[in-house]
Structure formats: structure tokens, C-alpha cells
Amino acid sequence: MPGNIFGHSFRITTWGESHGRAVGVTVDGVPAGLLLCEEDVQKELDRRRPGQSEVSTPRTEADIVEILSGLFEGKTTGTPIAMLVWNKDANSGSYNNIKNLARPGHADYPYIAKYGIRDHRGGGRSSARETVGRVAAGAIAKKLLSHFGIGIAGHVIELGGICANPVSFDDILINVEKTPVRCADPDAAEKMLEKVVLARAEGDSIGGVVEIIVRGVPAGIGEPVFDKLDADIAKAIMSIGAVKGVEIGAGFECANMRGSEMNDPFIIEDGKIATGSNNAGGIIGGISSGMPIICRAAVKPTPSISKMQRTVDTSTLTEKEITIVGRHDPTIPPRMVPVAEAMVAMVIADHMIRSSRIGANSLSQI
Amino acid sequence: MPGNIFGHSFRITTWGESHGRAVGVTVDGVPAGLLLCEEDVQKELDRRRPGQSEVSTPRTEADIVEILSGLFEGKTTGTPIAMLVWNKDANSGSYNNIKNLARPGHADYPYIAKYGIRDHRGGGRSSARETVGRVAAGAIAKKLLSHFGIGIAGHVIELGGICANPVSFDDILINVEKTPVRCADPDAAEKMLEKVVLARAEGDSIGGVVEIIVRGVPAGIGEPVFDKLDADIAKAIMSIGAVKGVEIGAGFECANMRGSEMNDPFIIEDGKIATGSNNAGGIIGGISSGMPIICRAAVKPTPSISKMQRTVDTSTLTEKEITIVGRHDPTIPPRMVPVAEAMVAMVIADHMIRSSRIGANSLSQI
Amino acid sequence: MPGNIFGHSFRITTWGESHGRAVGVTVDGVPAGLLLCEEDVQKELDRRRPGQSEVSTPRTEADIVEILSGLFEGKTTGTPIAMLVWNKDANSGSYNNIKNLARPGHADYPYIAKYGIRDHRGGGRSSARETVGRVAAGAIAKKLLSHFGIGIAGHVIELGGICANPVSFDDILINVEKTPVRCADPDAAEKMLEKVVLARAEGDSIGGVVEIIVRGVPAGIGEPVFDKLDADIAKAIMSIGAVKGVEIGAGFECANMRGSEMNDPFIIEDGKIATGSNNAGGIIGGISSGMPIICRAAVKPTPSISKMQRTVDTSTLTEKEITIVGRHDPTIPPRMVPVAEAMVAMVIADHMIRSSRIGANSLSQI
Amino acid sequence: MPGNIFGHSFRITTWGESHGRAVGVTVDGVPAGLLLCEEDVQKELDRRRPGQSEVSTPRTEADIVEILSGLFEGKTTGTPIAMLVWNKDANSGSYNNIKNLARPGHADYPYIAKYGIRDHRGGGRSSARETVGRVAAGAIAKKLLSHFGIGIAGHVIELGGICANPVSFDDILINVEKTPVRCADPDAAEKMLEKVVLARAEGDSIGGVVEIIVRGVPAGIGEPVFDKLDADIAKAIMSIGAVKGVEIGAGFECANMRGSEMNDPFIIEDGKIATGSNNAGGIIGGISSGMPIICRAAVKPTPSISKMQRTVDTSTLTEKEITIVGRHDPTIPPRMVPVAEAMVAMVIADHMIRSSRIGANSLSQI
């Protein structure tokens, strides 16, 4: 059973390689009646596309989305929404001289081990370009959720060893796009930017941590015991290339806490049940508690670096050296922010429909 | 769509509440021809059952498994294997006086928010007792994998702030069951045990980190782009109660590494492709690399503590105080080891079959 | 990927062989708050069990259901409902002398071809006994649907060449249990019974047709384009052993009709949209029209007959003769009525939840 | 949960409406290493497209397929294969005057009941144009199966009351494309053609029966007890618009047969197990027997007829009359042949992979 489909009630199928003709996605399960246009999707794609600043690759990809189905008179009809983005600026030739070399940190060798053959041009399906479909579909999930008072904010909280100070949800929305590193703490952002510039100058790359916060999710979504909301978020985030860790709420900090510190006391706030702290990150027993959902992704440094590295030739099984030329992001987290937001948005949309909080057939149903 | 089914090609359905008549699991997708008996399952259940030592609850549950289907003349037949364990020693009465109080850190309130009603006796479906089915099914996955040279080892690497020194895979197998904290580093184990005893004496609890290592997985399993091997492991582990974080290989450490440190160089070892280090934790691009698979779970401290806590009455929406009496584990990681092993084993078995590395119908097929 | 799970939002897993220890089912996705007791399930099992009359096998199986989970204080809790029935009266010895012979019309040989080994005692998993789980789960689906004004009626409309006259939905409910052949037309029922008695006397068996009608399904359920309501009903019914054909509404008659005959004119009835005829069988374009849903199953004659038959020994690949002794139903349709009702009920329940017409979490949600 | 995805191991997602910008499909699960080009797909699309003869609508749709992903150097890579066909010749204006009228026999009203809104131009998603994606994906399934010696043949065996004489598998392949009615019995074909011409002249339409035969399927595929091979075929075929019945082997004839007639005796043929007759249609107990798989679909007459019909206006709930102008096929079965072949091919491919008879990752794997 292949793995290019994600979600159950809000369900997407993505396709396309970095150097193929196009990349795209089909979104199945969007209720009818949602106002939607290409601009809704385009603005999210613009956030993920390369060439935006000095922290990302100078390749310019216009990445103009085309919606091919599922809309009628400006509204969704309940039928699948197919979207595609044509590929451009794909200089495949630069990959020819390393086509049998397994780039360290890249999926070249595992793909060969799995499929026997591999599209060596730029990573093929394992390229970050695959996330175009995720972001496009996530844009629809976000718009759907906004109808139900649910908002999502993502930001970089650690980069190259620099940690940001905590900021409010609203401050993230206000500040995150003001800096190319997508850190909502301006002081930290400046230091992070220095780290990026330094790493690039040295032909190296740096990792970091992305945090996503979801506000307005009602208590009661998430499906025990395997499709818990945090389990599905963990899968969604870990499925993004370069992510090596996921945590919810207090996350790994909880390993060094006592129960009396970790437990969030329940309180009554504005006549409703809430918790005094939110170490749970809005999810208890796999079900939303009504508090903000907080999750974080550990992102490894970009594997494509210009420093010389040891590797092997997969066709001859001999050891080689490799130097990766070309234009690559010296760090991934800033561009991953919209991707992680998209993945989390889709999980929430999926579970909102699964729990009958959003009508499966029509926006006006429930 | 409910969430009590896990996996695709190796697929389980669990059922049962902590104070119901029984708990159980049905395993669908075990190839025919596997030698299997109740003892294979029982030995894993014995590892997870309570009452084993001073670090776990003194409740004694014999937890004798009965296999009800899917075997003939000592071998699996390819049909579903149903297993159950009858519940005993369930003193439901002790929960009556807190039946409307939402225990902090427990899923009581989210269950009410979701379903409107709740079996308040001991956590019902959100109880750790639910893991009986997981461990029973995992025992079959482990036995299946052992036929293909795949072994799994789990251990506690951090507890109450005490961190264990790195140990080899074989040392884990040798040492892990020698101490009730299931830490394979004897010195650290002793200190961890002190932390547990202290926390218990204070009516409190402590968290920790569990690590699982899988040896012998061939390169090439895992399904891009959403059902990546690490994505499915992340979901599997995060779906276990009390887990708040998951990481693969270098995990969150990668956020502070450079690409030149993080990338594992490919090398030729014994004529085969391997990597010189294993920061990737055996998974690159969501596909196994042939190196050991390494994952870790952050486990929160037991939410049931005897210290007084603030909470609310969900029926009257008033604030209350709660003191949880009864016998509870002061720490979860030691008993989670076999549960996490089981979940990872099932993910590997699932993907081995999905990739046609194990025949879907019969053990002798491929 | 194995096949013992059925449905999506109302989802069951069945297990058990005819001569194993028990047969059972786990039902996942029943909304919380449904009043349910073992008697609700038992009454349907009593309709399917053997030994009820001269048209069925004289084996007596008490078939007492036990509900092991998912209920609290007489109501469903939203968690999985596990049910089992212990096997009795299983004289496995009588199968020993034919254990390597492939009984004609039975799945013995295909099972061997698939799994390499086979539980030869009484058909194992391919036995009609497997339907115990379906009927038990279907009883819950029926009770759930009845809360939403949906009723199901099944009857035998053809048996051994005798065709029943059309009867109303209410007449089916009134008359169907009055005769062992479960035909609601008393005259035809009498003739059918004669055919059964005659076939049995000759050591032979007869086939027939079962019809299921569902009343009260609202317009708008069913999921284009693959999970159409009729497509899922077709799968559900064809998955019952011995069924060789399925039709909806006019069914195969439509092949010889003109469009002007087949098309059901839309009319306004009691202020609502209806159709003047119902050749569509209540489903157009895969979506319910609000008219009664009508489907039929062609059921082959019982393959176990006492007449001598030609066959092969699967272990020696030599041709043999076989005479099947033992007590077998001379005809299947009467006992299939509750099974087919159960399957259709589950499809309707599944799609009612999928379309958010029934709340996924709680009966009082929508 | 929406319904635009079909299959498990060989899995497709279709999208697109009759008057949208394009229609398409993504095929996930094609093993790597299959030689594939657009011509392989185009030849099947050419068989389904309209405008081929006097029995189909004179609309001309070139229907040129574009493969956008999943191929590298002429071979599949194991990644998703996205295909699309741009829409042309879509005169939407002709639907404006009937946009609120529910065309009898069409899904207009059920779509409104389900989604609240509807793309009224030409049936939208319920149009036969949706089958472009099925046929394109089926072409890949056919090519994959041909590598394993599996061939598929479809033909019309009944049309407008005219029944064809039985013909061999090879005769179907030779004769079926010689006549626009796709009947492999030349005499019957001629009479069928007369029936079509007559019906068209009278502004009416006729129904028929399509038969699909699959040769070369090994014994042992199909997943008991719900995903039986015949159950999945039944769903696949019933999911095609206009199909009202499905049968396997003897089908509805079995209702009037005795066990001694219906049971296919097992024999040894060329040293292998076979059956002397094939009333089972190649499937016993839901598993392939190694004999040819035979299934049939009852197809209703085209609902679009130019005769005046009674209907309702769904916006005003008043009764109206409707006359459908425009160019429509007077009969559906001839054009359904390639569609039904495609659906059956995909079910077989899916189950071949599910049973590990075809490697999930690579053509050369098993």
C-alpha cells in the first residue's frame, strides 16, 4: 500500500517530482459552499516558495497555482479540488555528474534500495518541492477552519542555537513575516539571521525548531486510541522532510518534571472549563481540551552543503567524495513554517469533520 | 471515523475498558505458517503487567491471555487472531466519589466533551490497561519479525532527571530486565530507583524517556511521502498515553547541529552500503537505510498523584479540590518499555508486508 | 492488506472459525448514548442460528452473545463494542476423512492456494458461522438507525424456481417470520417449502433470491464516485458467502427497458420531492433519493450436498469422488435474510455518519 | 469521509467535472520499472471517447492524455502517476434553461439534497465524463497485469433485448472492436445496432448487459471475508454510473439451479487443479480459483432522452415537464466496455499486490 494519500475525512493525494512537468494535489472532502479562489491558495504558496530572501535559495519559482476542479461560481461543490503548479527553472543537467552518488542526508540511497530505480534530478519525489501540494491543500483547510473560529500561527523558535523568547499568538501573526527567518522575537531573529549568513559563508547549514499554535479548537476532537489528535499531528509533522522530532505542549521537558508540576489544574474561566497552565499543549488523552494546541518540530540542517563529504557510488559500491554545487537553502525552518502550518491545519480539519463538528457534505449542514 | 484500528497490512483492532469485563485485540494480516502459542504472547504481557516491583502499582493483575481464533495445529492460518484478557481486581467503588471531578492530566474532561457520557471507573478506555491489546499484538509482530532477522530492544534512558550512559543493543537485551526501572546502565538505574522512591514518598510522580532500537531492518521500507517510516513510528508512539514527544536519531539535538555534523557519510562496510554515523536513526526520506532504527519517547509523570490538586466538577461547572487515592505507578517509563516496543514492532511488520519484504498471505511465500 | 474489517465510520472487525473456540466482532464507531443490551443483539442472532426448522440444519447452536466492552449503565459510550459467541456442538472429527479433498463449491482449494495451510474443520473462516459477527454488529446498526426513523425488512422472493408476489414493506414485517422459508407471500412460501423438502430428500439443494428494503433513508447519503451507496451495498452483499449476484431497483430487468420506462418521474408528494415509480431502487448517481432502497441478492444452492461428486485431493493432485455427510441446510436464502439485513444496515449506518446525518461521537450531537 | 479514492495497494484518486477545466486521475501504487508511455493510455481513452459511431453521441472530444509525473526515462518510478485530459467542446449554455429541473434518471436532485449546491452544467461530477480517469488508470493496471500473463476482455452480451451467443475469450478480442455495439457475436451485433437506431429515432434509449472476462489470474487472490475478490469487483462495477446489477459466474441463474448443477467439479488438467465447469466465475469463497473470472453488469438505458418527461423544479418544489435536447448516446453499454474493463483490471491489480503476487515497490521484486 503506497503512501501518497493523507487524512480520512479531509483527504489529499499529492503527486509530482522536483524536475517533472508539474507538482499537484487533489483535495477530497471539502464541504460544499466554501468561498474559494486561487488567490486564497496563492498567498500560502508565496510564503513557501524559494527566492524570497537571503536565507533561502536564490532559485526563483513563480509557483502559480491553477485550480482545475471542484469549484462552481466561486464556491466549493463538495467534489474533489485538483490543483497544480507547473515546474520551471529546473536545470536537471547539474545533477548528471552525481547521479550515482548517494548524497549524505538525502534519500537517494533509500529510494534506490526501495524501487530499484530513481529519478536523480534534484531529489525527485523526496525534494522539498513536494510540499507545494501540502501547502496548497493546507490553504483550503485553513480557510475552512477560519469559518469555525480556528486560527493557526507558526514561527521559528530556535535556529542555529539561538532561542526566541516566548511571544503571544497575536504577536506571532503580527511579527512573523517581518523577518526572513520567520521568528516573531525581533532580537532573536536578528541573531538567527547572522547564524544563517555565517553558515552559508562556510558552505554549511544549520537546523532549528518550528512551533505551531492552533487557537479556537473546541474540546472533544481526536479519536482514541490510535487516531489521537496528537498522534495524527505527530505523523503529519514527521512526514515533512528534514523533521527529526515532534513534541506537544511541554514535550521533552516533561521527562524532567513532576506530576504536580506537569498536571494542568482545571479551572472555570468565563463560565467554561479551562486549564490554569497548558503543559498538555491542548490535548489530553488524545482529545482536544479546548486550550490552544501547541506542537513543535525539530528540523535538521539542510543536507545539501557545499563542503566536501564522504559517500558511495551506489552503482559500483565504491567510496567517493562529493561536493554539492548549486543553490540551496542554508537553513530549512523558515520555509518550513507554512508547510507545518498546512499539515497541522489539515489534521484539525480532518478531525473536525470526523467528529461531526464540521458537516461532511456542506458548510451549512451543522 | 473512529480510531481503534491501527496499521494497514498488519492491522489491529483493540477494545475494552479498565473496569469492563475484559480487554482484547484482533490481529488481522498475520501471514499463515507462523508458529505461535499463548506463551509467546504471555511473556510480553508479563513484562507490562502491574505489581512487578516497587516502581509499579501493587495491584496484581494476572493478565492471562486467551487466543480465540486464527491458529490451527500450532500455526497461524492467515485468518484474524483474536485475543482477550479478562479483567480482575477492579475495585470500581473507589471512583464513585470523584466521578464528576476531572482529574488533572487525565482524559476525563475531554471524554465528556467528546461523547457526552463517560465510564468513570478508572479511566475507562483512556486507562493504561488499554495497552494490554497493543502488547499482545506486538508480541506476534515481534515473533514474525524475528523470522526475518529483525530484533527490537527498549530501555529507559532518562528518569526523574537521571540520564543513562549509552549502551549497546546487546547490553540492553542483557541488562534491561535486571532492574525494575528498565534502564540498561546499572549505575543510572540505581539513581533512578532512588528518584522513584522519593517521588512516591512525597505523593508525587516523575517522567522520563524511553528509547527503542530496531536492528536488522533492510533498507527500503517506508512509504513516501505521508506514510514515511518515521511518520508512522511517530504516530505509533505518540498514540501511547502519557507520551508528549517523539524523536528519531539525533532528534531535537539536530536543531543545534550543522549539516556537516548531522549528515551521516555513506561508507562501504562488508561490501554493503552503510553510514559511518547514525544521526538519521536509520531512516532517511522516510525510508529505512539499513542502519539500526532509533527512536525515543518523552513520557510525562504519572498524572495520578496523591497530592491535593485544583480541578472542576464537570456537572456543576464549579471549582473543587481533588486528592487521588488508590495505588498508582509513581512513574510510567519502565512499564511503557514493552508497550513502545510493541508499537514499533507493529509499524515495522506493517511496512515489511507493505513493501512485499514479508509475504502478505504466507510466511513461505517470499 | 487483509480483509476482515468492514466500513469506515461504522466499522467492524470480525474473527473466528466454525470449529475454533469462539466467533466474534468488534464494532467501532457507534455513537455514545445509544441504549443497548445483549437482548437487542440476541434476538437477531436467534433469527440466523441453525436448527430453527426443517429448512435448516438440525445442528443446535445456542449462540448466546456476550458483550464485553463499550457499554456503561446500559448505554454505549462511543468506545468499541466487543461481542463474542462461544462455539459448541462442533464435531470436527467428521471432517478428518475429507481433509485433503476440495469440496466442490467450497473455498477449500482457494484457501490452500492462498495460505498454504487451512483449518479443514468445517470450512474454518469460510463457514457460514462467520456471519455470527455480521449479524451481531448489524443488530447494533439497526437499533441506531431506528432512532433516525430508518427501518429494514428482508424476505425471500424466489426459492427453487418459485417466485413470490410483490408485498408491501409492512406485510414483510408481519409475515416473514411466520414461515421457515422467510417468504412474505404465504402461497409462494408453501410451494417453496415443498421444493426444499424435495431437494433434501434427493440429497440435493436449491438456490434463491433475497430482497432487502430500507425505508426512511433521507435523500443525500452515499459518496460519489467510488463509495456510492449502491456500490457499497453491492460489496456488502456480495461479501456474504454463496451470493453470486446483486441488483438495485429494476436491476437486470433494466437491460430490456427503454429510458422512457426506466426513468422515474419526479413528483411532489406531501410537499416534498419523490418519484412516481422506483426503478432506481432509491439510489441515483450513487446517492439516496429519499425513496425506499431496494436491493436483491442471488444466492446459490448450498454446496454441501450428499450426492456423490467429482473432486481432487489437493495434496496428491489426483482425482477423487466425494460424498459429504453431516447435517447441512438444503437451502441458504431463509437463513441469509438476517445476514443480508445486517450488512445493508451497516452500510446505511456507515453512510449516515459519513454524511453527518448521525453524529459521529454522540447520538444527541446532531 | 469522501469517496473519490479507489483501491488499496493500487489506488487511484479521480477528479473533474464534465464542464470544468479538465478531468484527471492520480495513480498511486504502480511498482517501479514498468515501461509506460502516453500511447498506452491513449489507446484506451480512444475506445471510451464519444463520437466514434452512430451509437454514441456525435460530440467530439479529442481527449488527449498528458502524464505529468511518476515516469523517468520511459519507466515508472514507484511514485504517483498524475494524468489529465483537458475539457473541450463544452457548451454549458444549453443547460441554463433546465438548471433547476431534476432530470429523471439523473443525479441532479440527489446532489442538491447532499451538497446544497450543484454544478448544473452537464451533470458535473456525475457525468460519464468522470470515467476518463478510470479508463486512464485502468490502462496502467492492464499493462501491469499483462506482465504477469493476465488478460482482460469485455463485450456487450445483451442490448435492447437482443442476446448474443456465447463466444470464446479470443473471439472477443478479435471481434469486439469490429462493430460499434461492441458485441463479439456478429449476428447479434447487427440486430443490436438496429435496436439502437430505432430507439434513437424515437427519442428514446435502450439498456443492456456488459460482460468482462479475466484470464490468467492465479488461484489465491482476494481477501476474506469482506474484501473478497467478487465483493470488490461488485463494488467496482456498481460504482460505474448507470449500472444497476452485477453478477459473477452463473449469477442470478443460480437461484434456479440445484447444488448438483451449480457446483463445479474439481479436476486435474495439465497436472494442475481446475474445475470442469465454471459456474463460480473463477471465484470461490471470495478467492480466485485459477479459472477465468467472469462478471456481468446490467446497464440501464441512457436517462437523457428527448421524449417529454415529468419532473420537478427543485428550487420552487413545483411539478414541471422537461424535454432534454442535445446530443446523447442512445445506449450506454458499448462505451461502458472499456470502463468496466478498467475497473476490473484495477481490482485485480490491487489484489495481486495485496497478495504479494506482484511486488509493491518494484516489478522485478518478486
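Labels A, B, C and D are assigned to the chains in the order they are written; within every chain, residues are numbered from 1.
Here, a contact is a pair of C-beta atoms (placed from the backbone, for glycine too) under 8 Å apart; a residue touches a chain by one contact, two chains touch by 3 or more.
This is a predicted model, so every value here is computed, not measured.
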item: Equivalent of A-C within the choices A-B, B-C or B-D, defined by over half of its residue contact pairs recurring; value: B-D
item: Remotest chain, chain A as reference, centres from CA atoms; value: C
item: Rounded Å distance, chain C centre to chain D centre (Cα mean); value: 26
item: Approximate Å spacing (C-alpha centroids) for the pair chain A, chain D; value: 38
item: For chain B paired with chain D, centre-to-centre distance based on mean C-alpha positions, whole Å; value: 45
item: Shared interface positions of chain A, touching two or more other chains; value: 1-5, 8-9, 14, 79, 114, 125, 220, 224, 354-355, 360-361, 365
item: Footprint of chain A on chain D - complex, ascending; value: 1-5, 8-9, 11, 13-17, 20-24, 26, 28-29, 32-33, 66, 68-70, 72, 75, 77-82, 84, 114-119, 124-125, 360-362, 364-365
item: Complex interface listing, chain B residues touching chain A; value: 1-6, 8-9, 14, 102, 104-107, 109-111, 113-114, 125-126, 130, 158-161, 199, 204-209, 218-228, 230-239, 241, 244-268, 271-273, 275-276, 279-281, 284-290, 298-305, 307, 309-312, 314, 317-319, 354-355
item: Of chain C, residues touching chain A in the complex; value: 1, 8, 79, 220, 224, 353-356, 359-361, 365-366
